[in-house]
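For reference, the structure is listed below as structure tokens.
Letters A, B, C, D and E name the chains as they come in the text, with residue numbers starting at 1 for each one.
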Amino acid sequence: MELLKRNAVPLLLVAAQWPVGWLLSQTVNSYYLQIIVYIGINAMLAVSLNLINGITGQFSLGHAGFMAVGAYVSAACSLFLVNGWPAALALPAILLAGGLAAALAGLVVGLPTLRLRGDYLAITTLGFGEIIRVVILNTAAVGGARGLGGMPPLSDFASVYACTIVCVLVIWRLVHSPLGKAFTAVREDEIAAAAMGIDTTRYKITAFVLGAFWAGVAGALFAHFIGYIHTNSFTFLKSVEVVVMVVLGGMGSISGAIIAAAVLTVLTEALRFLADYRMIIYSVLLIVMMLTRPGGLLGRHEITQWRFWSSRTAR
Amino acid sequence: MALLELTDCSLTFGGLKAVSAFSFTLDAGQLVGLIGPNGAGKTTVFNLITGVYRPDRGEIRMQGQSIAGLPTFRINRSGIARTFQGIRLFPNMSVLDNVVVGANQHIARAPVAMLFRTAAFARHNAELHAQCMATLTLLGLAARAHEAAGTLSYGEQRRLEIARALATRPKLLLLDEPAAGMNPQEKVELMEQIRLIREKLQLGILIIEHDMKLIMKMCERITVLDHGETIAVGKPEQIQIDERVIKAYLGEPVAHDS
Amino acid sequence: MLTIRNLHVRYGAVHALQGVSLTVAAGEIVTLIGSNGAGKSTLLRAISGLHRPSAGEILWKGAAQIETLAPHRIVALGLCHVPEGRQVFANLTVRENLDLGAYQRKDKAEIREGIERAYTLFPILKERQQQLSGTLSGGEQQMLAIARALMARPELLLLDEPSLGLAPLVVQTIFKVIQEINAQGTTILLVEQNAHMALRIAQRGYVLQTGKIVLEDSGKNLLNSPEVRAAYLGD
Amino acid sequence: MAHPISARRSTTVSVFALLCALLCVLPCVLLCVTGCKGKTDEIVIGEFGSLTGGTATFGTSTHAGVLQALDEINARGGLLGKKVKVVTEDDQSKPEEAVSAVLKLIKQNNVVAVIGEVASSRSLAAAPQCQRNKIPMLSPASTNPKVTEAGDYIFRACFIDPFQGSTMAKFAVNSLKLKRFAILTDTKNDYSVGLAQYFRETAKKLGAEIVAEESYSEGDIEFKAQLTSIKTKSPEAVFVPGYYTECALIARQAKELGLTVPLLGGDGWDSPKTTEIGGAAVDGTYFTNHYSEQENRPEVKKFIDTYKQRNAGKVPDAMAVLGYDSMMMMADAITRAGSTEGPKIRDALAATKNFAAVSGTITIDAQRNAQKSIVVLKIDAGRFTFVESVAP
Amino acid sequence: MDQLLQQLINGLAWGAIYALIALGYTMVYGVLRLINFAHGDVYMVGAMMAYYLAHWLGFAVAPSTIGFVIVLTSSMLICGALGALIELVAYRPLRNRPRMSMLITAIGVSMLLEFGGQRVFGPDPKFFPQLIESRSLFKAGAVVLTNIDLLVICVSLFLMVVLRFIVLRTKIGLAVRAVSFSFETSSLMGINVNTVISVTFVIGSALAAAAGAMVGLRNPKIEPLMGVLPGVKAFVAAVLGGIGNFPGAVVGGLVMGVTETLVAAYFSSTYRDAVAFVILIVVLLVRPAGLFGKVTVEKV
């Protein structure tokens, strides 16, 4: 009972998928619904990258690579392994497969590179993203340049929504737990953190692997929502897009990352009519943002800390 | 057995002898001062002990176990905590969270409990919270527990560094210029707090400080370094009249006191 | 020559200088002593433009306010700062370090003259002129740092702890050269922890304690003052 | 809870809260404004393509062709007595953007039909959306056979990989009497991979030998390593199924290395840039195409002349031709359907027969692929000369 | 044997281009500790400027070697100015902020140049005019050396020698080396640090522009996204040589070019783009300071 009470908010939020999903299907056309689903996927990507870049203070530019691993592994799974399973079983299976594969990739990349300085990590993860793409393009079994299609539409609004809630919940509770405060400590001062008995490498790798896991899950959802994947969806630009979300929302702010993911996803759609000016605006936004408000919109704060949100200083 | 024992430690930086043949022991519960003019190698000794540098030669033992060359976090877990000369807090985290990070190694690792916030997790948290608040109270920071560490005054930041180090539950505390930048009033308070900590927790304390008044009053033993070499060891009153020490500090021997 | 009025400097939460006023007249050696963390280096950094003071003014030759100028502009006015810990360009040769000191000088002959002067003051530098300065000993690096600053032909030389970490014999050599430089017409503001040495060569001295000047007197008087001893040894 | 989070209250935070809220609301308003329904007195056709990103050059070419067709249609008085409007969406060369673009066209702009995309990957991603909403989609240049398998609303205006790849193989073996081939494929490009696959299969079937297979990536400019390797295997011809953007450079570098055997290509070579970049190096090469300038069909002449006028003297490439043809085919189908309802346009498109397009005479087959004859061209002194024509 | 020799020639000419770009990376990293992501795009602008200059100045219709030299140098000047502008607007205001901020801004500038380039120059590839007719200088068996390859190698070498002279023998070069050691101490020497940093950007960008113009001549297809991959690879070349180290950047660039060519020739050309990153990871694991760099320890 006690346990139920403590978890009431997330449970309610997860449960809300059915009424909200129904409501949306009644009121909103598939175009808007698709934007909402993209918001969910992007929010997962942004929050998981925020764990690495914002909260732990590392700098990864390879999030699209992890997403690609998740997308392709889960797609291969649903095509060759769990083909024919009922959706209720197949969905968790492919999500787990995608997430774990990406986490493994994260471990392989993270182990050697996380000892390095921040900017080297950035370029190595960038390189990793490109290597993944080259490997996929040259693997005929997953379609190569022709892309991979034919996955059943296992993910929809409800599953994306639920996964987003779970992803945010896991990362939120982790970094706000006493143990998880060490992630932030690593960002703030690595040497001091080590002097306090914190195995900084281990925390960095944990953040990296967990971030990669959720990027993989997001990739799996993405693959089974569109039903067709191609390496062009997972380029360096996609990684940059996620970085922009994290920066815009505020390095270290989970709620900021979610808001930024929503704003940018909608904004990209809204600016469609600008066609080739769209990416120019995007890059200018990034530069101006760094020059004027490098902390992002929320800085390191969470939306729950806002004055008008709650008058209490502590819950 | 000595708590900390350095035997014949040397470290050279690009031809410059930072520390040469440094030997030193500290027993449980002792409060020892490490002084010397600027650039004498005091902080380097701290960095050797805490694993930031590895000695070229010599042995460092904590409770009989060799710790030379171990990574910093392992050395901390063996019971040595330190503060930094240039303050290294986690400035954007709250005062309380800084201490919580210090207590990291003593927090139960239970991911499932953490995820679902079970009753056991809550209980554990409450205990931890109480402990951390107690540590903060000890250093007079309890009232500011929820402010960001970076917004504290200089003196408070120095005290928070000590609180954070204490949260790791060390047997030996290394304080690197804890009174630097403090006003006289704060210094008096700090001395009182250090004395209290020592009594309550039965720690060994090694302290680097430039405020001689403070050092002379507090330490039972002082080691003086100059050019990486030990030039004097003794009680405060002996050190104060030691010719070599005075020379190291003031230049040539002072002819006579007026 | 140099007048400082009510100077305040802050680093974040630290109020490092709290209303310091002092003057240096042409031709003098003035020394600033005090224990570690008293704010001595901060004062020199404020004068040479490395730190913008939060209040107060720094007057050069009685007229020009220089507290807001960039460091390279201050060098052009004739103030040179030999920073704490030497800071020689370890990746450059001794000769290149000297050339850098003369960065703002155009006249080739003058530069050559300057280098000759440096080699006369410190003959060891001539022997080492093609060596990377990172390979020099501490004392040699200190000599190089001073020689490098002299290359700019400063009217006022700011010296930050030239004795730091050096053996007594070397310290003596360096202090002798400092006196020689002063005799040749360069005014010197010397920051030292090694109070005895500094006060012996200085005409006047100031004692700095936690950001404030607590004592000002002639070198000789300060040398015999019990306060100085107290400031260091705490009794 | 045991560990309260410290809360810093500052006015700047609330200011940014407001800003955030504004940032959320503003795009929504924008979305609604841009999503206004089209007027009923015009027929809206959607186009999606890569106007930016890695393959922006294809999208912009196609777009120019579509616009030219649109103006001609409207000059003739539009369709069914109404003006025609084309709404174009950029997909940034990304599949998921193609999905958004198509959904927006269908749901927000209420288009009656969709034209796009060049790249098969984007067509494959977008096709299910058109199929689900019963909006006919006509791809100008996606050659992957799978594209039209997405459903009975998906069509294409070009030939598919097997036809083009095997035609070139047959021509090389039978007409040129060559036996030893090397293949240089663009692995990032499904079109290139597809052509290479069918060329290889057919050539082997005809008893020829593939002595070397090398690859490159879209956007590369340095091919000497691969070409040097190919040269050592001394093939009699090299099949380079790619886009002119790389193929012309390949020809140049082959010549510089002294690899002088003829090169063979596909319709991706059809661009004035091929001869401009390739210069003398592309002389003596062969490629398959939709039409030949020398055919002197009135459609071809008129199209090229108008295109040059509209685009500052630029000569159209294959993408522009196919974009133009797609739009024209679509207009023809709508006229024959006499309606703008999806199913009716679909039926009319499926019934397209002997449509005189610039790229040849098109008949839509049962798999909704365009059947048209292919021509083999030879580049001779900088001109594309007609060699032979192969009927489907 | 012939093939290997030919591949080495291919690789060296290609590596010379990488080396020129890598030099700019190394210079900027040396003074600012910043991976200037926009550097590869400056290389693109260099090629574009050379293209437009060749047309405006009429060398496209009347090709000549002099024409190429004029186009090359003017493009270098324009890009030098562009580099200084980028530093002034995007990097200087962030100099005292965390390095991550500058890195993100650099990505922003890079994207701006790429997508702005697609807008301004058009996304379709342009044919770089043949200012110098390509012909083979000599043939020995199957080995061919073209005049363009030779030109690329020679011009690169010449520019590297000029750079070496500037850095080692001139006052400004001395200042660059001083600034890369310490901003503060340099300013105490009377050096205007801002000016020196601007000069660094000017020189680095001019070298990238030269690389761009020569690539235009050698592989005459230029487009707005052409700088993305060479940029990143040249950075890897700089890391390989030991970032901040000038001869290292040159050696790194050449090694990179040759390795890529050999991988494409003997292994699989599709993995060519992955090679750079594999090299990077291996270097960082085995010798993080690069071939010629020194390891530095952070002070506590």
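Just so we're on the same page, a contact is a pair of C-beta atoms (placed from the backbone, for glycine too) under 8 Å apart; a residue touches a chain by one contact, two chains touch by 3 or more.
Owing to the predicted nature of the structure, the values given are computational and were not obtained by experimental measurement.
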item: Chains in simultaneous contact with subunit A and subunit C; value: B, E
item: Leading chain pair when contacts are tallied as C-beta pairs; value: A-D
item: Gap in Å, rounded to a whole number, between the CA centres of subunit E and subunit A; value: 34
item: Length of the line joining the C-alpha centres of subunit C and subunit D, rounded to whole Å; value: 73
item: Centroid spacing, where centroids are CA-atom means, of subunit C and subunit E in whole angstrom; value: 42
item: Rounded Å distance between subunit A and subunit B, as computed from the means of their C-alpha atoms; value: 41
item: Junction residues of subunit D, two or more chains touched; value: 1-8, 51-52, 54, 56, 187, 217
item: Sequence positions of subunit B contacting 2 or more other chains; value: 52, 84, 97, 100, 122, 125, 128, 146
item: For subunit A, residues that touch 2 or more chains besides their own; value: 137-138, 177-178, 191, 237, 276, 279, 313-314
item: Residues of subunit B defined as touching subunit A within the complex; value: 50, 52, 71-73, 76-77, 81-82, 84, 88-93, 97, 100-105, 107, 109, 114-119, 122, 125, 128, 146, 164-165, 167-168
item: Subunit E partner contacts - residues on subunit A that touch it in the complex; value: 59, 112-113, 116, 118-120, 122-124, 126-128, 130-131, 134-135, 137-138, 191, 236-237, 240, 243, 247, 251, 276-277, 279-280, 282-284, 286-287, 290-291, 294
item: Subunit E residues touching subunit C - in the complex, by the definition given at the top; value: 171, 174-175, 177-178, 180-182, 184-193
item: Subunit C-facing residues of subunit B, complex; value: 14-16, 37-40, 152-154, 157, 177, 180-181, 183, 210-216, 227, 240, 246-247, 249-252, 254, 257-258
item: Residues of subunit D that touch subunit E when the two form their complex; value: 51-52, 54, 56-57, 59-61, 187, 214-217, 219, 221-222, 224-226, 228-229, 231-232, 245-246, 248-249, 252-253, 256-258, 273, 276-277, 279
